[in-house]
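You will see chain A twice below: alongside chain B first, and alongside chain C after that.
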Partner chain A sequence: MAEKKASVWTSISFWRRSAAWVTGFAVILLIFLTFDTMKQIRMGTDEELAKGIKRRIPAPTVVNYKIDYKYDEKRGLEAPVIGPEKQPLFGKELSPKEAAAMLHLGKLTVQAKNCMDCHTLLGNGAYYAPDLTKAWLDPMWEKTMPAMTGAKSKEEAMVKFLMHPEKYPTHARMMPNLGITEKEARGVVAFLKHMSSIDTNGYPRGFSKTAKEFETGGTYAK
Partner chain B sequence: MLSSIKTNVIQDSPSKKLAMMYFRVALVLFGAQLLMGLIAGLQFLYPSFLYGIFDFSVSRMVHINALVVWMLYAMIGAVYLMLPDETGVRVPVAIGLGKLAFWVLTAAVTVVVLVYIFIQVGPGKESTIWFINEGREYLEAPRWADIGIVVVVLIFYANVFFTYLKGEKTGIMTVMVADLMALAGLYLAGMFFTDNISMDQYWWWWVIHLWVEATWEVFVGALAAYGLIRVINAKREIVEMWLWIEVLMLFGSGILGLGHHYFWIGTPEYWWEIGALFSALEPVPLVAMFVHVLYDWGKEQGHADAHGKGTAIANGPVMAWISINAFGNFLGAGIWGFFHTLPQVNIYTHGSQFTAAHGHLAFFGAYATILIGMMYLGIQDSYGIHRMKATFKSKMAMFLITFGVVGMTVALTIAGYEQVLVERAELGAGWQAYFTAQNLPWYIQAQIWREIMGVVTFVGFLYLVWDLLTIGKTAKAAEEA
Partner chain C sequence: MGVMFEQCTDISCGNIFAWLNQGPLTLTIFLHTVIILPMIWIYFSEKKKLEKKN
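Entry: the complex of A and B
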């Protein structure tokens, strides 16, 4: 083909150059979008939170606030609603430093215990156990689990369950005991509460509906 | 395959000998992957099976890690196999170092697997991330192993790169060398810790997606090109032109197709449109690859017929596996991927058995198939066989493995429908919603079929091993007789 230039469509060098240009263009666009996304998904600050400035990923001190997940008419999907009321984790308001330390321990524990190979986080992971994206807001933690574990609050119930899941089975498929300490469990609870405040563009869809059905005693409410 | 260490022809080609070493370990890990899959599948049906001893998280982790690692082994093997043929350089520049890297990598993989199996999890400290488990799906390997992998891969890459520079620079090898650099570099994106789960997932996908939906696909394109030249004597100019078109389409769609993983992880809404558009284009090159393989096959067979030469195929099993690859890649990665790639659908299907269905058929169709083909090609070279025909065992392996994986995929797709409609659409996710769907009879039935089809796949694997261990000797003896 090299000797006769019959058509550009059968020219190897044309396709080689096109492949290079297209790949280059795609890479540059990806890098450009990555810079923008990095700005948008950096963790917010405590000041932004106090002023009510919305960030896609709020500061760790979001655990001091009440978090909800509500249908947003304008966006046509559910979005997190943070505050303005406070609802401190374990009843104690945390400083930015304390909250960050707790979140750090929680994230480390989530990785060290390999949560992702049974559960999904933000929908990624394995499909053997429920998605944890909005686990903090799951109606099971409102009454059922505190009653089962004999805990006074949702946070305490979560800690007890995480430390000894084998003692509180809800279904035949049970979470194993992973040797999570009390401190680690509290970190995981902070991590879960923080994750529930992330703006996930409405995933999981219909989650707030479940919560409502659960309260009003819908078909599948337990 | 084992006796090829001692036999004849490839004594002359240290590169191909090293390739066979990689293939052997790949096959062992492939077996481990299937066994772990069977355990994990059984745990769906009997949750108390090995509960507290070898939990689902462990069997699943080893299942997917063995998958990735056996594929990387087979990929490295395939590169060492093609290196002397493509470059014309008989001995890679640093073959001794290449062998050392093989042993170091194999030792490291062994340690990592033993730690996964016996230690499993650690305390919530940095030391766990460094020495036990990084806890990020597919990239569970602890940090020390990450660094080790990078070093070993650099040695491998240097070997390939400098051999390439020394020898003939074919189009196939040029694509391979460029692609391997991207592939190796991307691994670095998965090697840091952050408290920000969205940031974590953003970079995690750079490794996972840009591997399996971009660089690995181009790798397969290069392997298929090499395979077609070797097996049906396809014309290099045609094959290489196709390869550049494939690179254009695969990278053109696959790189920004990354956006379809950024719909729901805290990243901005514009990824909906970018991800939808480019990932919807991802099946196009897979159609092209399919057409390309069948076209070349038909063309070369036509030539052979015209000259009264009988079959154009120099290696039956390789051609069959390349054809299964063409079809499986399009079906598994293309169709099953497209099923749930639009955000309008994905908001319901994200993180469900749908993903598992797609994953099974795509990894098999796009990668396992062609890498198995490369193993057969390696055996042909090991024994210096002129024309290698598929045996009964080769055919049983092809049929049972393909049937088994397609069966698992169909079963998981049905489970996925069930889960998506009941858990997501009807009940709106959540803990109770999840288990209500998991306990429905139709869902359980689908999981039973998945396990049965898993066993079928495993039997096919046994045939594959048996065939690989015997086909070379038999074919050589038949040819000499």
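Entry: the complex of A and C
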């Protein structure tokens, strides 16, 4: 009888061992990545903020600081720059507790009014209306909106707009009046300011503050 | 110059995946390496076993 050549490719135990290795390795890697992600998306503390320690998601008291958006040469993308100058929201510096409460109210309002039906927040939502991820940094709120709403500051203009969006023609697709109260609107502004301070690795790509006259993008590109 | 090994610029450079995710040594190549190399070893060990049986 001729000698039979053994083929590994048709051996069940080879495939079984390979599958066990791939599955086992993937399970261990995913468990590790889960904990690693949890560590990275943890919200920072007020102390870290005061010391200038960078975190992807800063503490709620970030609303007390000036937030800028600058091109990082090394990373090749734009990243939020927090402080060191202060720029308290509505001119009043908030304690960690007050800031967290305000942000929470803002978040609840954003959820209750279903902003994501039209807007995008951190990659979630629709593209019918402008992306709100970096809305706080949009120069429109400093250049045109205070004059249009008759408000003294950027945040006051945002509050006025949020309470009566149907009054101000900002976009071809007008935002409807959602019945947001002044307190809720203030919370939403704090929520938006905090969201703009989150390091999103340059997302959204189209939003660019440094691009000359927003020729290459920006929420309200010319 | 310095294409193979560049300074890590990610926000979390203490993380091995931040290093693996930039430059030519991407996470994909790394994962394929750690998955395929042991499979080669499994292949030859199975081959040895089959040859012994025969």
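We take it that the second predicted complex is superposed on the first by the 179 of 222 C-alpha atoms of A that agree within 3 Å, B and C clash if a C-alpha of one lies under 4 Å from a C-alpha of the other, contacts with A are read in each partner's own complex, and residues count from 1 in each chain.
In this text, contacts are C-beta pairs under 8 Å (C-beta built on N, C-alpha and C of every residue); 3 or more make two chains touch, one makes a residue touch a chain.
Remember, it's a predicted structure, so these values are computed and weren't measured experimentally.
In the superposed model, A:D36 lies in contact with both chain B and chain C. Judged by the touch definition given at the top, the superposed model places A:K54 against chain C, while chain B stays out of reach. Considering which of chain B and chain C touches more of chain A, the answer is B.
Contact with chain C, but none with chain B, is seen for A:K74 once the two complexes are overlaid on the shared chain.
By the document's definition of touching, of the two partners only chain C reaches A:V8; chain B does not. Of the two partner chains, chain B and chain C are each touched by A:D199. By the touch criterion stated above, A:E156 is placed in contact with neither chain B nor chain C. Residue contacts after overlaying the shared chain place A:P130 against chain B, while chain C stays out of touching range.
Of the two partner chains placed around the shared chain by superposition, chain B and chain C are both touched by A:S18.
When the shared chain is aligned, no partner comes close enough to touch A:D46: not chain B, not chain C. According to the touch criterion, the shared surface of chain A, contacted by chain B in one complex and chain C in the other, consists of residues 18, 22, 29, 33, 36, 40, 56, 199, 201.
Contact residues of chain B toward chain A in the complex are 40, 43-44, 47-48, 51-52, 55-58, 60-61, 120-126, 128-129, 132-137, 140, 171, 193-202, 204, 237, 240-241, 244-245, 247-248, 251-252, 255-256, 258, 262-272, 274, 347-348, 350-353, 355-356, 419, 424-425, 427-436, 438-439. Listing the residues of chain A that touch chain C in their complex gives 3-4, 6-8, 11, 13-14, 17-18, 21-22, 25, 29, 33, 36, 40, 54, 56, 72, 74-76, 79, 199, 201.
Here chain A touches chain B in the complex through residues 1, 10, 12, 15-16, 18-19, 22-23, 26-27, 29-30, 33-34, 36-38, 40-43, 56-57, 60, 77, 100, 103-118, 120-131, 133-135, 138-140, 166, 170-174, 176-181, 184, 187, 191, 195, 198-211, 213-214, 220-222, going by the rule given at the top. Of all the residues in chain C, the ones that touch chain A in their complex are 7, 9-12, 15, 17, 31, 34-35, 38-39, 42-43, 46-47, 49-51, 53-54.
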